[in-house]
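Two complexes, one shared chain (chain A), two partners (chain B, chain C).
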Partner chain A sequence: MNKIVNRRFKISFLDIINIFVIIFLMLPIMVIILYSFSSTSTTVFPLEGFTMKWYKEVLENRLFISALKNSVYVGILVSLISIIIGTLASFALTRYRFKFKNIISTTVLFPMTIPAIILGISLLSFFSYLEIPLSLLTVIISHALFCIPFVILIMNSQLIGFDVSVEEAAMDLGANAIQAFRYVIFPIIRPSLVGVMMITFALSFDEFLITFFVIGRQNTLPIIIWGMLRRGVSPTINVISTLVLVISMTLILIVNRYAKIKTFM
Partner chain B sequence: MSSENELLIENTYKNFGNVSAVKNFNLKVEDNEFVTLLGPSGCGKTTLLRIIAGFEIPDSGDVLLNGKSIVNIPPYKRPLNMVFQRYALFPHMTVYENIAFSQFLKKKPKEEIKNKVKKMLELVQLEGFEKRKPDQLSGGQCQRVALVRALINEPKVLLLDEPLGALDLKIRKDMQIEIKNIQERLKMTFIYVTHDQEEAMVMSDRIVLMRNGEIIQIGKPKEIYNYPNSIFSAKFIGENNILDGEVLEIKNDHLVIDINGLNILTNKTSNVKIRDKVFLAIRPEKIKRIYTIENKSFDNHIVGKIEKIVFFGSTIKYYVSISEEIFLVIEEKVAEENNKHVKGNNIGDEVNLRFSKEDVDIFLK
Partner chain C sequence: MKKRNKHIYLLSPLYIYLILFFFAPIFILFIYSFWLKSSSGFIHTFTLQNYIKIFSNPLYLTVIRNSILIGLVTAVICVLASYPVAYAIAFKYKKLQDVILYIILISLFSSYLVRVYAWRIILGRYGLINQILIYLKLIKEPLTFFLYSPTSVIITLVFILIPFTILPIYSSLTNISIDLHEAAADLGANKFKTFFKVTLPLSKSGVTSGFIFSFVLATGDYVTPQLVGGTQGLMIGRIISDQFGMAFNWPFGSSLAYFTLFLIVLTVNLFIWIVKILKIGR
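And now, the complex of A and B:
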């Protein structure tokens, strides 16, 4: 960082390209945020006035509030379930030798590579075959299914670099397996766990395609937005999108601040 | 007579798949002894140490501490501690927390832990480093912390797995002396693993020389150096000139060995016959360049040509060619090198080499 500060400021061709790319990526998002404050109900340019009424309307909308609650509820559970299963799987894959290890280590990553629409369809037929009624539970199961591979990937990169002798040193100094995990392994991998938690939460929070197939009566936020969109673009959608954006950005900021994931894929 | 803290390893075997890492290993380590397991990488020395520590379970055999088997006791319950190759300090803990860890697990009172850690830091001259994290320490400091982290637990036996391997030469030499001093001061049993024969010589009371999971030779450093029992010992411990020859004659008090036409006299050994293929080993410092031929105490007289001279500070080495195939290394103290009688101090000079038949070790092929 110091080097950059010390260098004389000079705009190069590459910098200009960079700025255009950033504008190109950010513009649609900025438009949404901007129009969430627009006083007219149609998206017209230029903006006609500033208002917070759409925010008020959204926050008073019971449908929206319950969907937000559902999304947070699903997100937290998905994140917990996939962290526990994924981390344990990663421990097994990085620490132990067993039969068919290579095959298993690639198959556990499959859900990530299968197109979401196919995953959605197969999950739907799977649940109806087992006669499991569609509900938030099926959404949680489905989300955990595609979140676990992300957890495994991230934790693998952490655990492969983990010096086993540190764990052995703990045991040598009198720590049993639980104490070694509690005092040595867990504190070392904690930043990764926090990061993985945020990422899985974010993945689940804005998942639409798979959710659409396996959702029951209770809606999640992306489903609500989609439903609203079918009736035309209303400013409340801009508001909801802005809120989702703020939540996601906050999570990313927290991850960057506290988790410091060095190797993410 | 079983003394206190006696460690006994009996008929121990350990295989990894098809590779046998430790074969029929028998060793008795006495109380307060500094024993070094020495050998090239892959000789099973680390595996053996890990068996003693409890991280590997032997396929067969037993490890006994004071007469009691410890093979079925998990590592965290064994009264032994280990210093790891790459320190293995806990990166998220301070120096203080690292050292105090075992005492904390034993639920010792805080005041007692504090005093003990203080004593330990004094032992390795790291007072004032309590609050540092391992990544703020140099390699030598890390190793000192790792050492006292194990010592604070007052182990019956301290196991050290190439603890100095990651340090540079200067610090390594200092640490060798420091570790040896600590061992003598605390009167503890140390089992030390290294592949560095010099390190083994400096520190050990006894060296266990290993190859392919088996013991080749056990003895005091001096014994192994002066009386290697095999060509492997002769090559591995110290420097040696190894010559490849055949028994030509067996005389009353000596043997004549033919090395590509060069005849060398050696002490008589009972187990050789004429035409046996043998290796000869001669230490570089046993070969003298002496001008005066009157000195009859040397049985072997050879003429060679200096090919290379390397200055090491206190010693100097001459690389001498005897013939197309035979080369010898000669080591001299620099003080000797200034001897005016010696003819030939330059590359290309002819030199007269002398050594007695007692200084030639002979091994059957």
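And now, the complex of A and C:
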């Protein structure tokens, strides 16, 4: 009896490391959310007073609203572009055998592994060399570049387990390629597509460094946050940060509902 | 697999996109690194002067060396700290598995800029750690050893990048069949022997990719050293970006970027080579 009780409440070294890591992963997020309600304009411990006035200030701020619109606009277009290009490529990589397949499958991941700052200055040099004016369009092009590898990676892991015989059965029953895709393949991969869409949106929504180089005069949310950070601490940063955090967390929640995130890894 | 060349149609949008917006830009950046800056713009020549300039001023080499060192230390700590977490999620916490993975994913996908800023609030001179310690009357003056230094950069980077090491290690661990553990135990291996002879070698791929990810991201980081690094925590990302901003010396910035990229690739390959010759568990 004694032994069982001991076993149940025994906290091992492994547990301590885990608790420590988890606490420190959540701590920054908690701090930001908590202090966005603080009534003082500096971060003081213990928290003094609770207020919503910073939220009101942010939501009435035109700069913030226009940046939010830009971020959403960019995020939606980026996720559409990268899903189309990435999913097509993933079909090719998981279903067909061809020359140099291994080299190609690693090459397509390059934009994801190169440091963001180098990607940013490369794209800036490229756009300026071709005299393409910087705008939200250049931001969309740049974001899709590093989102496509994510789409390919995730879709590969989904499509590798795809049972091709279902599709063949549809074809045998007289469906053409488009019908087979529309009525057989698409419904099966739909949850993964929704998941990938949310993930690419979240990646684009939070991207700062590449955007910083290719944005020109307009603003996205991370660019606004960066500007505020450089000018010094203002309580509204906490509010904007909290709103950004809430949006990303919601996206991940939706992904988890549609397609179990675990299967993506 | 009926039609032979169907894959080309499926892959061509990707090829076009990558050639236009990835290979062309990094090639143009390479060309820029051989140009020169003049008062009115850039001189289109072919010279190695920018690369020579890197070696002529010790500042650049020192900052590049520091950045790579910070990257290495961060990557090592990330791997060491995330292995137990990944191991516990994979084999120990059956019920909590989903919750912990979810927390890690939230951390991964929540704004990186915001998390770095949060660490500044926590670590600053009048940050939360110092305020709490003063409030609890444990110290009188703010502690300064972790502020605005390479240490604070490393602390912040570790907690920003740790999801990038936990996830690949976790995914390589879940591929290990539990039968192998039982087989090792049946053959008389104790827990430690099982770990070093079975688990660790089989999770090598996860450790390698986690290490590479966190090393590359940490070395090229721009935001963290600026928000929590102070003057001592200066890293190469800042110097490169200044060449594209205030200094307006794009050619020199390009050569710095290529030189740093070369060293990063070299370090990564060195790491892969070391893992290979160590032959863990054989």
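The rule is simple: the second predicted complex is superposed on the first by the 241 of 265 C-alpha atoms of A that agree within 3 Å, B and C clash if a C-alpha of one lies under 4 Å from a C-alpha of the other, contacts with A are read in each partner's own complex, and residues count from 1 in each chain.
As a working rule, contacts are C-beta pairs under 8 Å (C-beta built on N, C-alpha and C of every residue); 3 or more make two chains touch, one makes a residue touch a chain.
Since the structure is predicted, the reported quantities are computational estimates derived from the model, not experimental observations.
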Touch count on chain A, higher of chain B and chain C: C
Touched partner set for A:Leu47, first chain B, second chain C, both or neither: neither
First, second, both or neither for A:Gly86, with chain B first and chain C second: second
Partner chain(s) touched by A:Ile132 [first = chain B, second = chain C, both, neither]: neither
Partner chain in contact with A:Trp226 - chain B first, chain C second, else both or neither: second
Which superposed partner A:Ile252 touches (first chain B, second chain C, both, neither): second
Set of chain A residues, in rising order, touched by both chain B and chain C: none
Touch list for chain A against partner chain C, complex: 14-15, 17-18, 21-22, 24-29, 31-32, 35, 42-46, 84-86, 88-89, 91-93, 95-98, 104, 107-108, 110-111, 113-119, 121-126, 129, 141-142, 144-145, 148, 152, 199, 202-203, 206, 208-209, 212-213, 222, 225-226, 229, 237, 241, 244-245, 248-249, 251-252, 256, 261-262, 265
Contact footprint of chain B on chain A as seen in their complex: 163, 165-166, 168-176, 179, 183-184, 187-188
Sites on chain B touched by chain A in the complex: 53, 55, 74-77, 80-82, 84-86, 88-92, 101-102, 105-106, 146, 149-150, 153
Chain C residues within the chain A interface of the complex: 1, 6-8, 10-11, 13-14, 17-18, 21-22, 24-26, 28-29, 32, 81-82, 84-85, 87-88, 92-93, 98, 100-107, 109-115, 117-119, 121-122, 126-128, 131-132, 135, 159, 162-163, 167, 170-171, 174, 212-213, 216-217, 219-220, 222-223, 227, 237, 240-241, 244, 250, 253-254, 257, 260-261, 264
